[in-house]
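Structures given as structure tokens follow.
What follows is a pair of complexes built around subunit A, which joins subunit B in one and subunit C in the other.
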Partner chain A sequence: MKTKATTRDNTRTKAGSCRGVWVFADHRNYFQDRVTLQILAKGRDLARDLETEVGVVVLGYGVSEFVMEYVAHGADIVYLIEDQRLAKYNVDIYTTVVCQLVERYRPEILLVGATDFGREFAPRVAKRLTTGLSADCVALEIDPVEKILLQTSPSFEGSVLATIVNSTARPQMATVRPGTFKERKHDHHRKARLIKPQIDLVGGTSRMEVLKVRKQPHRGVDLREAPIVICGGRGMGGKKGFGVLDRLGKLLGAEVGATRPPVSEGWAESDRLIGQTGRAIRPRLLITCGTSGAVQYTTGIQNSEYIIAINKDPDAPIFQSADFGAVGDAHQVLHHLIMRLEKETHG
Partner chain B sequence: MRQGCMRIIVCIKQVPEIPVFEIEGGLVRIKREGVPSVVNPLDLHALEAGLSLTRQHGGDVFAISMGPPPCEEALREALAMGVDTAILISDRRCAGSDTLATSYVLSQAIRKIGSFDLVICGAQTIDSDTGQVGPQLAEELGIPHIAYVEKIESLTDRLIIERVCDGFLETVAVSIPALITVSKGLNNPTRPSFGGIQDAFASKTVQVWDLTRIKADPRLVGDEGSATWVKRLDPPHTRKKGEVATGSAREIADMIYQKLIDRNIVEER
Partner chain C sequence: MDSRFVISAYHNYMVNGSLLAGFQLGEISKDTFFFQALPVEPDEGKPLPLVSATLFDPSGRLILRLDKSRPVNPQGPSKLRRTKSGFSIRSFDGKTMLSIRTFAFKNCYCTRMTGTLCDERGRTVASGDGHTFRTRVDVPIIQPPYEI
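Take a look at the complex of A and B:
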């Protein structure tokens, strides 16, 4: 096993003098996007192993409502910076603010949700701080001997898992896939310290201006938070096949997702895609139909509690990932299942 | 920015077409020797974006890449697509570079090229998947960046783009020089013409620069210059394979229905 002593000089934040597990609050899509709460839960485990506290960094304007949530979900300290200039997400200004906070308070670990924003923001912060960052982590642990963060990050679209470490540069940074960790129960008895640091917003100027922001319409619950998911693959054959999935979805109260081939063909919208970067799901039940089981997809469904797979091909790799597999034509099986469900619910 | 003087730098990466792994001493290793390579798919969109802008506004496109000598092939493909200059930064000391070190090397090469209006990168690669080099390169160069660009609206004294970020469609203006990372939806890369391919192999050459040429400090490069390193590689987590049933469609549907009851999704009647 290769050993390594890094000589990259990170004079600003020497390991050993840094304390605290920080989580960046990505609140823009809250209540549906719960990645911050999920990371706070993991943060508590990491902080316990390091005998330190969990801090949450909240930037924005009119965001104090989130503070209560973060405390109830595990934060010990809240760093709140409210300013009109922070009202819209802006990677330029946010980098400036967060880096100032890190240099002032010197956390040991900084975790950011691997949302689109997180994935363009965290690298900029890491570079300015001259520290290491691993992307899209699906696991985080504290090494019991070295007391450093072991970061498990997928490479090659999920074909391999890399365990990455950041030996000496601080803070140790990682972005975390939504749906990786489970949030704790809301505990309104928890207390925390609130800190409102004075930050120089560089006169409020930014080289970037967000001219217009429009929420893209999307139907229903975010796939990543859906308790029951039905996913269709190439085997569904076309839009009609997905119509069948929609029908089943209505009967079960499930969200319908898709793998890449149906999205490429236009049988399903791109916001239905499961398995690519950042689109991991963690439902109680996943019924996956006509999906072969490509690793890019199966990486994203690993956290499902129970997986039922239907595929015509008995050798399809998807069966390696299923708790219950059935060899058959998805259309016909679903047709019968829908009839049975309709019969049972309508007597 | 005067007409015809636009300088665009596109960063590309050569990646394995399909990942090949081997087990060595109980550990997983990525096999590179003898494995076919391609230009990272999103980088083709980045090249097309650069070429499209210079077709509109005039100017030059530089394609640069950091990698071992075989990566010259990827840069030839860029030349075949029509870029004006292709530069490979190749030096053994770059091996083991994480994104921190890679962005440093690329920035030194860009500093050697001189002034530029825009740097364009693919949003992420299909091997490391981090999406980090673009933003880190922008930070190293001291310029703003914007990721996941799906549409370039205008390029005058500012660049105005459209992009989707976490379900929000944003129109963003950024000052020049800037760095953008591009998504699939931006364009359809045109395949190199036969003439382009001929050109790429006959008259145009790929320049090869080492660390000395770009005045890069070796301590900030490779293993030494990286803040993260890969401790180990493992195959993806697999769950224990469950039962696989066969039967008629109706029989299977009944089995699934029973599972729905067992899992409390549906109530037993």
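Take a look at the complex of A and C:
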């Protein structure tokens, strides 16, 4: 289902005077979290369709390394504000600074990673600029006729994918979930323009003070980076079924993920959740077992290169997303697959 | 007013707190001061600073002429000493007058400078503390032309 929603026409910034696709740089865990690079890649596609440039907004202190990385990954213009007061992420000050930048340079599109910070920061920016915001987008395209941003986002608890447009207010804002888009290759031949705007940071007072930042230790593996993923759904029946998936995972060098029902039942850990409220994955191979194919799940696997689906229901929607389908009991199919792989491995 | 520079994804010089792919101070001359930090491209081998310059000491005496980080004749009384990450310039009495070092990040490089640059009248044109190179306010920074 596609829905078109139009924001209220009470904006200060009108469409005609705006130009450029902007990406807000979230560099807190740069080398682990690639969402900014993924959005930069999509931003380049959008900018090509709009015949404009991609700008990246970098706020912080001592961020030279990240700035160069953003250039290598596709930024044409870097808007950099380095100041000790920006060293720690503070949503009040960051909002004030980004709003000043938007009002000065008038980008047509502003994209933000749907990280914990982005989810807090982007709505504030949108509110202050009186523009719209589409949250957790899974697809972004430019309308070939109207040249406006088509923002596809799961709606109504993920039961439909709504395409949202913001026909009048600018910038058109969207948050994008990590793993939704694929980053471009690092190109160290690239050059960009670096703009260091003079911004009033004194006016950016905050009601909060960040006393200390502590990084949460990384737990387990990152499904988003795994080349092979095996995902189990309710059809795996219980923890024992996930034990079978773990066994297959060891044989294939794959990571094991889960849909919402097994996580809710406690068959799998919450950091294994794939889908709208979990990880969006981009493996080269996904084997999805006992999953029905609900849209909440398929939005998280849509960028997989090759999908093998196993389900006993031949009418299960998952087969519409699959490149190869096996109709049958997942336990039996997996049992045969494991036996065959073990035989080949151990002789 | 906003500052505008050209930045490279591979290698930059840190000048006035900004990353610059390359820059020049003064007009290119054999007899009067100039300092030209050339862009370093990925295809050029090691990411070492590329500097052409005519350099003077605080008394206005010529100390060294450089062409792409090599001394050229008449080169002056000072010595250029190469290091793994750049080079330093020492005066005839062994004092380090300028040190230029390239630092490696994960995928890119940044060159920082320590020391003082003087013109032929002995006036300080720029000085670096190892973090950033500060240029005198009235000295324009010329950037290489790029097609971006």
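The rule is simple: the second predicted complex is superposed on the first by the 295 of 347 C-alpha atoms of A that agree within 3 Å, B and C clash if a C-alpha of one lies under 4 Å from a C-alpha of the other, contacts with A are read in each partner's own complex, and residues count from 1 in each chain.
We adopt the following convention: a residue touches a chain if its C-beta (ideal position, glycine included) is under 8 Å from a C-beta of that chain, and two chains touch if they have at least 3 such contacts.
If you're wondering where the values come from, they're calculated on a predicted model, not measured in any experiment.
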Exercise. Considering only touches as defined above, state whether A:T115 meets subunit B (first), subunit C (second), both or neither.
Key: first
Practice problem: Quick one: classify A:D136 as touching subunit B (first), subunit C (second), both or neither. | Solution: first
Quiz item: Does subunit A have more residues touched by subunit B or by subunit C?
Solution: B
Quiz item: When the two structures are overlaid on chain A, which partner does A:R190 contact: first (subunit B), second (subunit C), both, or neither?
Solution: second
Exercise. Could you tell me if A:G325 is touching subunit B, subunit C, both of them or neither one (first, second, both, neither)?
Key: first
Exercise. In the overlay, answer first, second, both or neither for which of subunit B and subunit C A:Q84 touches.
Key: neither
Quiz item: Is there a shared patch on subunit A that both subunit B and subunit C touch, and which residues make it up?
Solution: none
Exercise. Over in the complex, which subunit A residues touch subunit B? Could you list them?
Key: 1-2, 4, 6-8, 10, 28-29, 33, 89, 91-92, 95, 115-117, 119-124, 126-128, 130-136, 150-151, 153-169, 206-216, 218, 228, 252, 271, 277, 284-285, 287, 295, 298-299, 302, 306-308, 310, 314, 319-329, 332-337, 339-341, 344
Exercise. Would you mind writing out the residues of subunit B in touch with subunit A in their complex?
Key: 16, 19, 21, 27-28, 30, 98-100, 103, 124, 126-136, 138-140, 143-148, 160, 164-175, 178, 181, 219-220, 223-239, 241-250, 252-257, 259-260, 263, 265-266, 269
Quiz item: Which of the residues in subunit C end up touching subunit A in this complex?
Solution: 1-10, 12, 14, 17-21, 41-42, 105-108, 110, 146, 148
Exercise. Report the residues of subunit A in contact with subunit C in the complex, numbered from low to high.
Key: 31, 64-65, 67-69, 71-72, 76, 78, 82, 186-198
